[in-house]
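Below: a set of structures, written as structure tokens.
In what comes next, chain A is part of two complexes: it sits with chain B in the first one and with chain C in the second one.
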Partner chain A sequence: MSTLELRGLTKRFGEIEALNAIDLTVDQGDFCVLLGPSGCGKSTALRCIAGLETITDGDVIINGDRVNEKTPKERGIAMVFQTYALYPHMTVRENLAFPLKMSKMPKDEMEKRVRDAASLLRIEPMLERRPRELSGGQRQRVAIGRAIVREPTLFLFDEPLSNLDAKLRNDMRLEIAALHRRLEATVIYVTHDQVEAMTLGKTIVVMNDGRIEQVGTPDEVYQRPATPFVAGFVGMPAMNFITGEIRNDAFEGNGFEIPVSVDHEGETLLGVRPEDINLGGDHGEGEVEIIENLGADRYAYLKETDTRKRWAVRLNADESVDVGQAVNLSFNVERLHLYADNRRLDVTSSS
Partner chain B sequence: MRRVVFTIVIVAVVLFSIGPFMWILNTSLKSPQTIAERPPTIIPDLQTEFFAAAVDEHNFMRYVGNSAIVAGLTTLLAVLVGTLAAYPLARLRMPWRRGILSLVLAASMFPQIAIVGGVYRLLLKLGLLNTHPGLVLPYTALTLPLAIWILTSFFKEIPSDLEDSARVDGCGPLATMWRIFVPVAAPAVFTTAILVFIYAWNEFFFALLIMTDPAVQTLPVGIAKFPGEYMVPWGELAAAAVIATIPLVVLVLVLQRRIISGLTAGAVKG
Partner chain C sequence: MNSERKAAYALVAPAVFIVAVFVLSPIVQAFINSLYRDTPFSPKTFIGLDNYRTLFSDSVATGTIEFTLIFVIVSTALEILIGLGLALVIHEHFKGRGLVRAAVLIPWAIPTVVAGVMWKYMLNDQYGFVNLVFYGSNVANYVAWLASEWSARMAIIGADVWKTSSFAALLILAGLQSIPEDLYEAARIDGANAVKRFFRITLPLLKPAILLALLFRMMDAFRVFALVYVMTQGAPGGSTNVLQYYGYQKMFPEQQFGYGSAVSVLVFVMIAIVATILIRTVRTRIYES
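Right, the complex of A and B next:
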């Protein structure tokens, strides 16, 4: 059975349509990441699921129950906020116990759960401290602990790591992954960080402008982006695009022709990832403007002299170029992405 | 070296602000004999005669009572109304929020002298001259803009995630208010309350014009009436000033921990 189902979920704030008829099914035990640019409606979706926002249209179904009219408490969810939202006037212990106290749980059961959560998250020595006496990572742990103690059917995370520095973010990411495995919980996790999405998610939901662009595994989203938006949003540096036309089983554009076999004629967008471009060839040319060395990878950014079109190219270990050098490019033709009418074209075979 | 300079500066500032009060305190504790000595003695002879005189001869406790009533009610009213106004101003997305806040601030910029005529006639028509509400109402009106401004900016600092989190944790609107918002916002409310109270306790101009009946006059006016036609009773004046100051000092000392303890420290990133 699915733990969460959204049917035609729509949310309007006056004139602004924050969510536009969202359909989504999340299975028991899934780690579902909502990924999208700022303002695309990720938080709004989460808040509608939590019951913090009334919904304009559609249904939210948790464990088979339609919960549209239910309070957050009755939905059996727990939420971790971007700002942690720890209660500053309570100790860590009181923070952890608060949701249990509100549900009138017997004292000994309450203490047991607080102890368990604290040991799971390694915050036992801090139980008597106040939130202000904790570091960022510790606060984050307490916030997660407060969600765990309730043993909810559904965990909601809204950008929980975005306030941490890079190193801590990495550590916490691994911890959250481990925690998910251990608790076998169902998680909806909002982020605009693709590294988080790719590493944590079992399912990634890419959102844009209040709509879902694609639902898929990290591999599917990266290898077979369903729309030009997903293709451009997922991947760093972003995919390169060329507009052209498909005629007589060949893509024409930018002064070259690549044979493709697709069920489409006419205007087409071709996308190619930086790692699928090699030096030498006749699919493009340009002058090297910047070289970025990331340690494991090096990227060259090129500008075509006459069209001013820009390219991002990943350099192979044996390739070396200098700034100002003019180079030719060729594509890995098995790994091209073709789009027409905002839709991915299935390449049946290519030569 | 920097420590030494720092210490000297601190001591100088403290002496400068507290000096006059120490002098008054000194005077109030002298006896009628030592007060007129030239040069004045630094160490008072610790007599309470002036205090007794202020209380007995000048009906002093009545003024204290009136001031307590007026300042207390003003504080209660201004903080209550201010909180109710500040909460939505801090939380709701309203198109004219900045405009409303600016208007509120502008309202507080009129000098008292500019509005006193209107206020007086209004109170006259309402029959509120020489009554406690006759002072409480204008005081509340005068302090509300300040109260609303302080409270709004404090409340805005309190992340609304806290309230959302409380709802997820099972609180209804009332429980969210009492268990989360009120304790977190308490320092802001206390700070505002103190400022309003000090204003109402010290206010002289309106009090002088509106309260002509000695039975309802407040402390500042009462003390101002101490000097007789032929002599100024310095000792009694000093004693009265000391008594008038003590409640404020006690108030601030009692509440200062709550004011200073960081508003939402630790609730958010920090």
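Right, the complex of A and C next:
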């Protein structure tokens, strides 16, 4: 059964259209990540689901109920904010108990739930402290705890890790993944960080400009990006693009020709990931500008001398280049991405 | 003493000097004066605490102390309550908020003497606006508001509340603006309705701002002078007299410098006690958050 369904969800702020007829179905137990650049509408979508924003058009359906007019409380959701939004004048215990107090839960049950959440998140020793006495990671745990105690049908996370330092962010990411498995909860998670999206998400919803570009598993989104936007947004360093044309079952552009078998003729965008480019060959050339050594991987950034086009290339372990060196490039033609009219072309066979 | 310390003392010295000459020495001088009988008609004689005994036994003086305390408590309480209400209104987003904000601040911007004169006119027993509102053309029923004890007291308190609630509103508004919007959203998701959000989120987080407003308003209220001077001069029968005005009457028109000083010292001590208590509370609150 679907826990959440959005039907034609539209949100306008005056003239600005923040969400443009979004359709989305999220299944029970899913970890659904809304991924996109800032201003793409992902946070607005989350706030519409939460009931913090009124919606302009369309429906929000939670557990089969249309909840458009319902208050956040009546929707059975819990939300974790980027800034944690802990109540500064309350202790950790009072923060955790607050949503339960508001629903007039009996005291025994309330205490039990607070205890359980605190032990699950390992914040028991801090129950009598106030938020300002806690570290960022601990505050984050309390914020998650406050969401857990209500046992909601739907967890909403709004960029929960953005305010943590890199090391802590990694740790918390793993904890959130473990927590999701343990609670078997349904999660909607907003982020602009593709690493978070790829590692946490069962489903990734890539958004841009108030629209959904693609819905898919992390693998689908990475291996078969549905639009040029997704292709360019997901992946670090970003995919390389070449504009060209398809004529007579071959892609022509940048002074080379690759045979492709697609149902399309005319203007085409070709994308190739840095790891699908090898040194040597005749699909491109350039002078090495920068080499980035990330430890496990090394990337070379090239600039073509005449067209000034830039390339990002992942170097194989045995390949070595120097800054200033001129190199030739070839593509792994099995793994090219072709787009026309903002749409992915299915490559049936190649080369 | 190292050079940094020397420099620090040198920088602080001018301020210390000014405070000592213009603040500390008058306080000490007033206290010394208060121990003497000092009038133009008799030689200056040391009488110990006699002036203070008079101050606490003379019925005019105790009546003055009584109304001063009533004025401080009632006007401050009303100003904080109304200020809180005004702050909540002008904190909201609505069309014409700028205009409302300006309107709220106008009474505060009017000089106290002018405000006093204005209220005196409005409460006039023959052509006052207040009588017009209550009795219309029925002139026979017009009331001399400032001539009877309780209506005169209410008028003084009312004028002060009208004039300075906006100051409390300003301080509380600053407090409101420091509460992050996220907290209200989290509380909505946690199931708190508007009333609960106000009492469980807004009010506790406003405490420092409210205490600060309370401190400023109480200190000011103890020193009320202009409204009383303009509107009633303590009449009828001293029922609207306040310590500052009483002290002024003794000191200047009656030229009882010793007794007048004792009144000033009493006002000073009262303010010092209230301020010390409030500042301590405010400080711990501010350190906490």
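Keep in mind that, in the parts below, the second predicted complex is superposed on the first by the 351 of 351 C-alpha atoms of A that agree within 3 Å, B and C clash if a C-alpha of one lies under 4 Å from a C-alpha of the other, contacts with A are read in each partner's own complex, and residues count from 1 in each chain.
Here, contacts are C-beta pairs under 8 Å (C-beta built on N, C-alpha and C of every residue); 3 or more make two chains touch, one makes a residue touch a chain.
Since this is a predicted model, take the numbers as computed values, not measurements.
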Clash or fit, chain B versus chain C on superposed chain A: clash
Contacts of A:Glu133 with chain B and chain C, given as first, second, both or neither: first
First, second, both or neither for A:Leu52, with chain B first and chain C second: both
Chain B versus chain C as contact partner of A:Ser103, first or second or both or neither: both
Greater residue coverage of chain A in the superposed arrangement, chain B or chain C: B
Which of chain B and chain C A:Arg308 touches, first, second, both or neither: neither
Partner chain in contact with A:Asn163 - chain B first, chain C second, else both or neither: first
First, second, both or neither for A:Arg182, with chain B first and chain C second: neither
On chain A, positions contacted by chain B and by chain C: 50-52, 71-73, 77-79, 81, 83, 85-89, 98-99, 102-103, 132, 146
Residues of chain A that touch chain B when the two form their complex: 47, 50-52, 71-73, 77-79, 81-89, 98-99, 102-103, 130-134, 136, 139, 146, 163
Chain C-facing residues of chain A, complex: 50-52, 71-73, 77-79, 81, 83, 85-89, 98-99, 102-103, 132, 146, 150
For the chain C and chain A complex, residues of the former touching the latter: 180, 182-183, 185-192, 196, 200-201, 204-205, 289
In the complex with chain A, residue positions of chain B that touch it: 159, 161-162, 164-172, 175, 180, 183-184, 262, 264-270
